[in-house]
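Reading through the structure tokens given below for one structure.
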Amino acid sequence: MTPDLRVEVAGLSLRGPVIAASGTFGYGTEVPLLERRALGAMVSKGIFLRARTGTPPPRIVETPGGMLNAIGLQGPGVDALIRDHAPRWAEWDFPVLVNINGESPAEYGELAARLDGVPGVAGFEINISCPNVEQGGLYFGNDPRAAASVTETVRKRTRLPVWVKLTPMVSDIGVIARAVESAGADALCAINTFVGMSIDLSTFSPRLSFRTGGLSGPAIRPLAVHLAHQAARAVRIPVVGVGGIARAEDALEFLIAGCAAVQVGTATFVNPRTIAEVNAGIAGFLESKGFESLSDLPRYLPRD
Amino acid sequence: MTPDLRVEVAGLSLRGPVIAASGTFGYGTEVPLLERRALGAMVSKGIFLRARTGTPPPRIVETPGGMLNAIGLQGPGVDALIRDHAPRWAEWDFPVLVNINGESPAEYGELAARLDGVPGVAGFEINISCPNVEQGGLYFGNDPRAAASVTETVRKRTRLPVWVKLTPMVSDIGVIARAVESAGADALCAINTFVGMSIDLSTFSPRLSFRTGGLSGPAIRPLAVHLAHQAARAVRIPVVGVGGIARAEDALEFLIAGCAAVQVGTATFVNPRTIAEVNAGIAGFLESKGFESLSDLPRYLPRD
Amino acid sequence: MNGGRPTFLSEAAITGRREVARGMFVITMHAPEIAGSVRAGQFVNLGWSPGPLLRRPFSVYRVDGEQIEVVLKQVGVGTAQLLAMRAGDRLSCLGPLGHGFELGAGPRSVVLVSGGLGVAPMPLAAAQAAAARMRVTWVHGARSSADLCSEWHGDAAVWATDDGSRGATGTAVAAAPEADLVLACGPNRMLQAVAERWPDAQVAVETYMGCGTGVCLGCAVPLARGGYDRACMEGPVYRAAAIDWSALPSHLAYAVTA
Amino acid sequence: MNGGRPTFLSEAAITGRREVARGMFVITMHAPEIAGSVRAGQFVNLGWSPGPLLRRPFSVYRVDGEQIEVVLKQVGVGTAQLLAMRAGDRLSCLGPLGHGFELGAGPRSVVLVSGGLGVAPMPLAAAQAAAARMRVTWVHGARSSADLCSEWHGDAAVWATDDGSRGATGTAVAAAPEADLVLACGPNRMLQAVAERWPDAQVAVETYMGCGTGVCLGCAVPLARGGYDRACMEGPVYRAAAIDWSALPSHLAYAVTA
């Protein structure tokens, strides 16, 4: 018997625990060979209120077991999203969350308000790895107060589920996790990319035009498992694990470490069928161990 | 003509910029096939005042492009170090720094005092990635005040060069870098390992007996280059780059990004000749570009 | 889905290899679906294990029954590994990707201008233009005679070398005759010269790529009208004048002379 | 330097492969310096590119002129890649590493007890014991007849299988006769049984390894007297009673039955 992979994450019922990560699936319409029925949910490419051009090339660099990206949140802005993409999402049989971004808490709030009630939008993932322009460009995600303030502002403007995506560049992720939990987050996603740099020996300067980029891919997996686990230990709301998942075994590490679900990003670039394969592999693992459902999976989650 | 690779790092004259990283060379006596003449300097395995047994196995796990280790700073304690190892170092033609560790600033200070003046000990590298037992186990390296306090205490007990090895698990490495610079550090090393975790699917628990371990190897290189660069931008004292160096090209990334020298760790496990090859490769690169010495290498170091 | 056209993912066995210029090799692999549907200028994204994380994009050079061919030189780790493979080894082959050259119905003559590895899409372009009953002029340049691709296709050939060791001394662009349609591929510097001479030429550019399938936005091509689009979806073939050449970084691998 | 004995790092070409039990293969490679100096129970640390980051340790199975042999099964990515290689492919081979078996001058008879892949150091042990003019009894166990290594060396052989399909039903330890000297290798559970029957037996253990050369302290072996030492330097061969078996994690790969 096929094990039951359904999972409830903060008000959203997912048919499986594997979610497409923001920025690695576009708006869900372009991935070739995608088996949509394997998707538990999808998080859209990060969006701002207004359209953004993005950063000049080069935007990506391969690194050992990973890649750096500096796309600069290129995107059409919220109006085009509502017009061009949400209507298609409304027809799909899995929830689509919108990854929202801003330069001030008010901008995040405004975005949520604009998208609240739009058919096809099932919830929000707040990307707090953005610089807070009002506070001199410090990242929201590094500062428990700023992170909580963004969360609270969004929370007030929508009834849809609000997930907060944490940055890994902190000394204690538990502090931020608890701050956004108290501010009303329904779930956490851990983690976004790590900041990295790569130098071009022929120009004696960074390879990326933006100089730094976010590191993703298998290289960061052990760090992501640790951080997702630390976040899960710190809070009562569900945690969605993200970072370097390419195989079912990788996803199972996050699930055992206390995550309710997982997201797959970079691996989709390499193998467009990754999500379907991870999903099937999780089912196969549960079956081989005699578990009837994902909820039977033993978790390693000593509480803080 | 062979380019001049000599470099002065905070009072120590090194014949080349490539240094053996702490914990990956033991006490310098055991690496097979080692060409010692390629070593700019060596940092000994981390030492505490008293002997330590270390953590039970498993202590290491391979990960994509990297490895996790939790050795637990196994070591013989300072007396055995002075008796068994320092006399041999005194005969070598390159400086050996001792990586010092403690559970309180006083312990670090005591260690430095015991080792100050011992022939063979050329300087100290303070490992601040240790839990501060007096402060409820928070890491010294995450807290600018604790990091400064350790540095200051050590500074007062020795006239030898004091290098401080930074942890990457902070939201702004520049803050810690400036704090330890003000507290009297002669140089910084960036960075130590990142905390990670790996789950064993057959036991549903962490693979490492210590549960978490430090991630090292090529996987972390882009993160280490970024952090070393950030540290170098924040201070006036030299920064030694560490993390994922396996080839001359990797070392050159750190040097161009503003480092005065580099350390090689994990790569030695894979190829015991790495340091000699990196050193020769740097010389070859400088020569191919027509530079007569390492100091001619263009640096990418916009000041903060 | 790739703008509505089908994309295939298959394990393609390597079936052969031949050297076509100094250090430049054609690798043949068995990929029947792609062979049956690829258009000149489209590319495949190749992956293998153990190997680098990301796939490597290569133009389809030629189609031969159920085989497709790619041409490459060793420029980095990925190409070194590809060139170390032997017949029977398998590559994961994703494609055809991107928009190829538009031959249209109007033009009666076409000139294919390539520099160095920029020859990559040209044999297939020559075959498809010939099938559309155009007169094909093959123009190919390289640093020196030994670097010229020894294979050519079409009704006439023009050669150019930097050192004059074969054909015209100078660039392929300078040596090329006029025609109804110009298709070009090569180093960006060369393509910029194409853009100056023939704003309406179709050029195949290269960029770093993350996915090759339109989702990562890593392959940004700066457009003359402002903004970026994706080399892997809207490209890699563009109208020469549509590109903001000053903002497009130079990639080295395609070019023997870059 | 490895406790004073020389260590070599060389590119060893694979020269052959043969199957010696179900899924168990011997790989032969050309490594003359190691062939000339290795002692039974020592190991080599193999690396290759592209491949995993860390080297993989393997006991030297046999020496044949300038060739050394290792025996393995596919248990993970590294062993899968090794088994996919072909004659002519090159491995980076570091060794000989660790301390091997001590045959000494006293003993007149030796019994070599192995379970599953624990057979790995035994052919070389048999050859070196024979050269020391000992009488060699080969005792080898596995799950089932098809899993027994088909090659054996010595004056007499004893077989044991869990299912009784060949030789004694039960473990190799139970089936082994007495002798002056006992050398054993296999899953930790088996070695623990060896320690109970023969505290003075020499056993070859396995641990995860980072470097294989004594510098990382990753290969900690818990000792009965407290503390840890290094499988790659002081080991991998120990007096059976010297190990704190309850604290030594079980590694699976060596054991068909573990």
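By written order: A, B, C and D. Residues from 1 in each chain.
Operating definition for what follows: a residue touches a chain if its C-beta (ideal position, glycine included) is under 8 Å from a C-beta of that chain, and two chains touch if they have at least 3 such contacts.
Computed from a predicted structure; not experimentally measured.
Separation of chain A from chain D in touch steps, taking the shortest path, is 2. With respect to chain A, maximal separation of chain centres occurs for D (centres as means of Cα atoms). The distance from the centre of chain A to the centre of chain C, each centre being the mean of the chain's C-alpha atoms, comes to 35 Å.
Chain geometry summary: the mean Cα position of chain B and that of chain C are 46 Å apart.
In this assembly, the C-alpha centroid of chain C lies 52 Å from the C-alpha centroid of chain D. Multi-chain contact residues of chain A, defined as those touching 2 or more other chains: 61, 65-66, 217-218.
Shared contact sites, meaning residues of chain C that touch two or more other chains, fall at 52. If you draw each protein chain as a dot and join the dots that touch, you get one closed loop, with every dot joined to exactly two others. Chain pairs that touch one another: A-B, A-C, B-D, C-D. Residues of chain A that touch chain B in their complex: 61, 63-66, 68, 139, 142, 169-172, 194-199, 201, 204-206, 212-213, 215, 217-223, 225-226, 229, 244, 249, 252-253, 256-257, 285, 297-300.
On the chain C side of its complex with chain D, the touching residues are 50-52, 77, 81. Residue ranges on chain D touching chain B, taken from their complex, read 1-2, 7, 9, 47, 52-55, 92, 94, 207-222, 226-228, 233, 247-249. Contact residues of chain B toward chain D in the complex are 23-26, 29-34, 45, 53-62, 65-67, 69, 71, 74, 209, 217-218, 266, 268-273.
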